[in-house]
Amino acid sequence: MIATLFGILAFLVLGLIGVFRGRDANGIVYGASLGISAALGIVGLRALFGAAPATLVLPLGLPWIGAHFRLDALAGFFLLVVNLGGVGASLYGIGHGRHERDAARVLAFYPWFLATLNLVVVADDAFTFLFAWELMSVVSWALVLAHHRDPANIRAGFVYLVMASLSGLVLLLVFGLLAGANGGYAFTLMRAARPTPGIAGVAFVLALLGTGAKAGLMPLHAWLPLAHPAAPSHVSALMSGVMTKVAIYAFVRIAFDVLGDLSQWSAVVVLALGGATAGLGILHALMESDLKRLLAYSTVENVGIIFIGLGLAMAFRASGFAAGAALALTAALFHVFNHAIYKSLLFFGAGAVLSATGERDMERLGGLIHRLPQTSFAMLIGCAAIAALPPLNGFVSEWLTFQAILLRPALPQWGLKLMIPADGALLALTAALTGACFVKLFGIAFLGRPRSDAARDAHEVDRFSRAAMLGAALLCLLLGLLPGVLVDALAPVARELLGVRLAEQMALPWLSLIPIAAVRSSYNGLLVFLFIVLATSLTILAIHRFASRAIRRAPAWDCGFPDTSPITQYTGASFAQPIRRVFAASLLGARETVFMPPPGDMAPARIEKTLSDPLWEALYAPLGVWIAWLADRLNHLQFLTIRRYLAFVFVALVALLLALALWQ
Amino acid sequence: MHAISFDVAKILAGSLVLTSFLMIYQVRLLALLNVLGVHAFVLALAVAWQAHVQAAPELYITAAITLIFKSALIPEALRRIVVRLGLHREIENVTSLGLVMLAGVGLVALSLEVMLPVTAQADPLTRTDIALALSVVLLGLLMMVTRRNAVSQVAAFLSLENGIDLAAAGARGMPLVVEISIAFSVLVAFLVIGVFLFRIRERFDTVDMHALDAFRGDRK
Amino acid sequence: MITLIGVLGVPLIAAALLAVIPDYRLSARLNGVMSFIAFVAATLLFWRRPAIGDFILVDDLNVVFIVLSTFVGFTTSVFSASYIGHELETGRLTPAYLRFYHAMFQVMMFGMNLALVSNNIGLMWVAVELATLSTVMMVGIYRTHEALEAAWKYFILGSVGIALALFGTILVYLAAHSEIGGGLDGMAWTVLVAHARGFDPALLDIAFVFLLIGYGTKVGLAPMHAWLPDAHAEGPTPISAVLSGLLLNVALYALLRFKMLLAACPGGIAPGPLMITLGLVSLLFASVMLYRRRDIKRMFAYSSIEHMGIIVFAFGMAGPLGNFAGLLQMVMHSLTKSAIFFSVGHVAQIKGTQRIAEMGGLAESHPLLGWSLIAGVAAITGLPPFGVFASEFLVVSSTFARQPVLAALLVLGLLLALGALFMRVSAIAFGPVRGPAGPVQASYLPMFAHLALVLIAGVYLPAPLVAWFQHVAALLG
Amino acid sequence: MPPLFVSFLAQGGQMAFVLLAAPLFTGFVRKVKARLQRRRGASIMQPYRDLRRLIGKEAVVADNASWLFRTAPYLIFALIWVAASLVPTFASGLMFSWTGDLIAIIALLGAARFLLALAGLDIGTGFGGIGASREMMISSLAEPAMLMIVVTLALIVGSTQLATIAEFLRSGAAGLRVSLALALFALVIVALAENGRFPVDNPATHLELTMVHEAMVLEYSARHLAMLELAAWLKLLLTMSLIAAIFFPFGMAGGGDGAIDLGGFARGALAWGGKLVVAGALLGVFETAIAKMRVFRVPGLLGIALMLGLLGTLLLYVSRGL
């Protein structure tokens, strides 16, 4: 515990170094952050397997409460996630940070950001928690504005900060409700004071609102695709890979730990929102052509998947089926871990592309696999992992989630009866669309022929960035081969929150994964991988040995009339067009208008696609309009005559006197 | 206390209210200032009477202050200012005087209504005194709201002050120090007024508040 | 006694001296020194208090206010020393006016300190009036059309308000009359609070209505707020800082005292609902008004209205948490808002205008100034790691458990204000550099001192201070 | 427990078996179609000859082809082969059948598709793009439909383990269920789509604009093409034997749990062959009878499959009886 706080302190100091030393502190800051994150990660690991949760109370914050810290298994796991992301981002930053234009801005806030991320996880009273929570938002806001000359970024930062404060204030209401009028703000007190079902319900809804707004749960996701891409790439990685996870930690902490038992309806709500978020998120991602925005939307999707898992866990717990709850929770947390890794990897890759070509728009990229071989390889792994392809890690968590869906205890509650299979279908759909989405990303940006000069003469990025990416890729593979390690590591968390745990996995023969029972379902990534490798190598060997290995390079065949101009390739938009027509037309109001010049007219034919975000138009736009309208109306009160103002005073006085007269 | 003194106090206070109505009614500046003088004079009488009734000598001092400053000096000074600023025989157009008067009546009714439940242990003299003082204050405020000329606003403000003084006088044994300092601060306030009237005049070549309204900040 | 002389006498002497000293550098320095002495004397009050007399009262409640006001007065004097030099160069002020300005500054300090230490409600009223008039003179000091308009408005509304307050004061005296009888006792806080039980409730109610409207005008509560934004915007920035940082608090202090009276009197109306209503109205109104502000100082003036709304709301909610939060919020707001005005003053001097539209990229052209402005705004909008976060945390969370709807409205107001302020401040601090970007001889010390204090308070509130506040909160009932 | 090597043998046998049988099955289907079209058609052995010829040739690769382009065929082949070896053909519950369940098999096919689409995009030609984007659109509906079918089965059987499912259904414990019928219907549609058969795609077309699968492999030649062809045939066989194993499990050998009886294996193999003959014939007739759809009418078809799958699941959730 002490170690954690010292680490956080070290981060803060590091930030000051960043402030004062500026660019030349690049190596120091990122290097040190790497070290500290690694150390904190180990602390988290030890807490995960530690016997009793470590607690500590410091005389900070509100004295009569003090600042409570607690490092139990759940906190330990998320500490691990946070600092794993921190290690990767810092390693990447050592190299990537050199290209930063205003280095000082990033160097100052980056370590502070890490510090707040860690602080949220170990906080154990409402004040400390919200303190860290809001600070996390502010610091990341500053990081989003690192490239502040672009007005779009300023707007992104604004939307982000408002939504973040909304989440903070809503959580404040939650804690106010749980703490009661005389302010028992320590989580231990809140756990002890079992709230009535009504209060718990209200608190839960608000908590879902508050944490969802930070995690990017629809319909509160609007800020995410604006803010995450705006930040420097390794910060985007932290925001997408880690900060959203911290929000999920907050949800788990409140819904599973502080609030205690909840009704099944709460599970239905979570399942519904999770499913919608997953589906719509990936659909948005498919429509994007900006690499980082695409990744941000895919983050929304993954958050949705995680919430599906959590919703299942809540449903099973509410219907007294602890084993199933344990499985679902494990699946969700497994996905948390996975997403932290591969989303970081993908953002690193996007950052590498950005620094190599200066382009984020995939319509101007292409053929990068020749120019950035290692980056492309890492990205390929990342895309395959996030598309849930075996034998990589993404598949394992989705597989586990499906197993949880298939458990189907005797559910008394019809809402769940309908919602769980629906979520199953949505999950399947999401998985398929994710595949399409990342075929698009890799196929358009990295394969094919370069669509711009920038892409044509790009150069491979520095070795730190590559190390970060390849390391993450390796981790994706290893987790896919030996998922049992992580499942076992999650057992303490499940026991802590639900009282039961999954069976020990690493003891099983052939290291395969058997969540419930062998007859029910099993998966062995290691063997699948071995089979694939064996089959591939044997085939290649055999063919090259006994048949021909000769190869001749020639122009592309392309049915006999190859066109050398790269614009004849499929673009991202055209790749997504069929899916746009099938899904987005109804859900995102996608429209295509074809302009065909009359015969004889030399003008080129044009096709224009328009896309709209119904949620934004339904929720956010009207709000802005309404506020503006109100502000305009009230603004007249600034320009009245003194007599009018006197009249106000006069009327106020008379009104109060009248009230008094009537009251008596 | 016997009835007669009570009635006299009542009559004096009442006539103060009446004078307030006169002020509201009076739209010609110089005349308004004269009424203001009368207003203060009535107040002085009322205070003096209170002094006599309460057998509180220090109230005579208050009365004297009122008589000298409020009924003589200040109206005179204002008159001078008006002349210097060339505002004499200036006539204000107060929109719908009738309605204003009606509102005034309503205010008086309100103040009486509000004061009614005041327990009788505060002796009846104080009670009515306060009620009427309250209506004078409200009327002064009403007049400030309805006038747009700086001078007449000041006059209205002074009448409001008079109402307060009446209340103060009604309050038995109000410490002299406080009285003095209050009077003093009113005087200072009046000085400030004078200064400002001239500054405004020098900037805007008028003391009609409409001229000021054009220059409210944050327009551009 | 010596401390009292320090708090009250020093400003008077300083005012007299400054009125005659011609050289503005010397007078600026003297101004600072004198304010510092007053501050030291005020801090001594913690240990050595004068005996409670007919006119003087120093108790746990007002010591907080006194020390705060003297401290902000001191830092402001330091700031103004660097500020007015520039004003003189640009010719907005003449040496003669500076003399007047300095003298008035000390007069105002005297008035406010007197109002705070006076044990006599009449005397307090006089002191507040004095402070008001002196600030009126300073608001109009630039003599521009806008300045005169603002000053005149301030004067009229202020004097009407103060007059109503006087009427209320007299009513209180009358209400007490039957219980205590005439004489100075009838106006002494100590005596009043002791006997409040027996007061005539009906009279006290009416009195409180008048006091709420009267002193509420000085606090800047909507709808009596109209003087506040323009007075802040058109006067010299140090005065804006003092207005927001101190004068509003003094009026608030008076309000609190009378609230205590009413709370002590069983028959009377509950002051809470009235204060809550006015507070919420001010909060919501101001936070919407923030969206259309073009003048940077006026914008922060509106934010002062908003915060006064929150504070009055908190005191209206009362209870140990509510009062504590109110006190904390008040202290934090004074420090933060004056710090903001310090930085805004320099910004306005650099850009040569107060129009937000003509500012931009400040964090790039003047990183120190820009980032401290951002920090100030973050602090004032209740974001950690600054102290306002703690107080708003307490206000909202303690309210929601008791009055969910009110808490929701509160949150709405806070969010609206945050949105407006950050919309503007990110336009000022970020983006391409707009407007002149020359250097300015600024003294960052006061600003940093305030922000540092607010930061520390956000992270760590010393236990004794908290105990103190809790005690005071208990006093407020 | 049988000696290890025997079970190894069984598993290996199964892998080799499917590999060998795949071209034959395709050849058979072609033959049926040719006959139905009044042609003599090539011999059933033709696919083997094609393979031999292709493997022997020198590979012509586009100038800007990347390493991905050259390794993809082998990976795709391997993925599908592994998937195929997990499907019980003549015997259920073979040694490594627990390596992956139905979901894993679907995912392996998905991985193969992922790589194929990328390979299609690698050269940067218009046709590759068409193929890849249409393939992903089709799979974006086919894959969830498939998964919903799995969900239906898993809910009935209480397992996603193919061996268990086969055993269970063979034991007849499930009885006849509405959900099963829906699942079968959906699975047939999905199988057609997955293998690029009529009415979704035309395996024999060379009119570019109608192609999906063919368009992606347009740039391939020689051994790479051979691998892809073989992979496609394997996939067809796989899906057919999947349907057989799930819905017509009779005659299948007990497999690895008890002692291995070669007789059982033989019987299983025979039964399997019989089923495939029937399936191939049906496929041939069907493809001859029906016309290919416009690309944008395919989603409708697959949507029906998805809906059927979901319906089956919902029925099971709402009442276990159906």
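Letters A, B, C and D name the chains as they come in the text, with residue numbers starting at 1 for each one.
Note that contacts are C-beta pairs under 8 Å (C-beta built on N, C-alpha and C of every residue); 3 or more make two chains touch, one makes a residue touch a chain.
It should be emphasised that the depicted structure is a prediction, and the values quoted were computed from it without experimental measurement.
Participant: Please flag the chain sitting at the greatest distance from chain A, going by CA centroids.
Facilitator: B
Participant: When the contacting C-beta pairs are counted for A-C and for A-B, which pair yields the higher total?
Facilitator: A-C
Participant: Using mean C-alpha positions as chain centres, tell me how far chain B is from chain D in Å, no decimals.
Facilitator: Result: the chain centres lie 100 Å from each other.
Participant: Please compute the C-alpha centroid of chain A, do the same for chain C, then give the distance between them in whole Å.
Facilitator: Taking the mean C-alpha position of each chain, the two centres sit 44 Å apart.
Participant: On a C-alpha centroid basis, what's the spacing between chain A and chain B, in Å?
Facilitator: Chain centroid spacing, chain A to chain B, equals 69 Å.
Participant: With chain centres taken as the means of their Cα atoms, state the distance from chain C to chain D in Å.
Facilitator: Chain centroid spacing, chain C to chain D, equals 78 Å.
Participant: Among the residues of chain B, pick out those that touch two or more other chains and give their numbers.
Facilitator: Residues 114, 117, 141, 144, 212-213, 216, 218 of chain B each touch two or more of the other chains.
Participant: Mark out which residues of chain A touch at least two other chains, giving numbers and ranges.
Facilitator: Residues 638, 642, 646, 649, 653, 657, 660, 664.
Participant: Among all residues of chain C, which ones touch two or more of the remaining chains?
Facilitator: 152-153, 156, 160, 164, 202, 206, 229
Participant: Which two-chain combinations touch?
Facilitator: Pairwise, the chains that meet the contact rule are A-B, A-C, A-D, B-C.
Participant: Quick one: which bits of chain C touch chain A in the complex? Just the residue numbers, please.
Facilitator: 152-153, 156-157, 160-161, 164, 202, 205-206, 209-210, 212-213, 217, 223-224, 226-227, 229, 269, 274, 285, 288-289, 291-292, 319-321, 363-364, 378, 381, 383-385, 389-390, 393-394, 396-402, 404, 407-408, 411, 414-416, 418-419, 422-423, 426-427, 430-432, 458-463, 466, 470
Participant: Where on chain B is chain C touching in the complex?
Facilitator: 114-115, 117-119, 121-122, 126, 130, 133-134, 137, 141, 144, 150, 153, 157, 160-161, 163-164, 167-168, 170-175, 177-178, 181-182, 184-185, 188-189, 192-193, 196, 199-200, 203-204, 212-213, 215-218, 220
Participant: Residue numbers of chain A touching chain D in their complex, please.
Facilitator: Answer in residue numbers: 366-367, 369-370, 380, 384, 387-390, 395, 399, 402-403, 405-406, 408, 411, 414, 417-418, 420-422, 424-425, 428-429, 431-433, 435-436, 439-440, 442-444, 447-449, 512, 518-524, 527-528, 531-532, 535-536, 539-540, 543, 547-548, 550-559, 562-563, 566, 568-570, 574-579, 581-582.
Participant: Any idea which chain C residues touch chain B in the complex?
Facilitator: 120, 122-123, 125-126, 129-130, 133, 136-137, 140, 143, 145-146, 148-153, 155-156, 159-160, 163-164, 166-167, 170-171, 173-175, 177-178, 181-184, 186-187, 200, 202-203, 206, 229-230, 233-234, 293-295, 298, 355
Participant: So in the complex, the part of chain A that touches chain B is made up of which residues?
Facilitator: Residues 638-639, 641-643, 646-647, 649-650, 653-654, 657-658, 660-661, 664 of chain A touch chain B in their complex.
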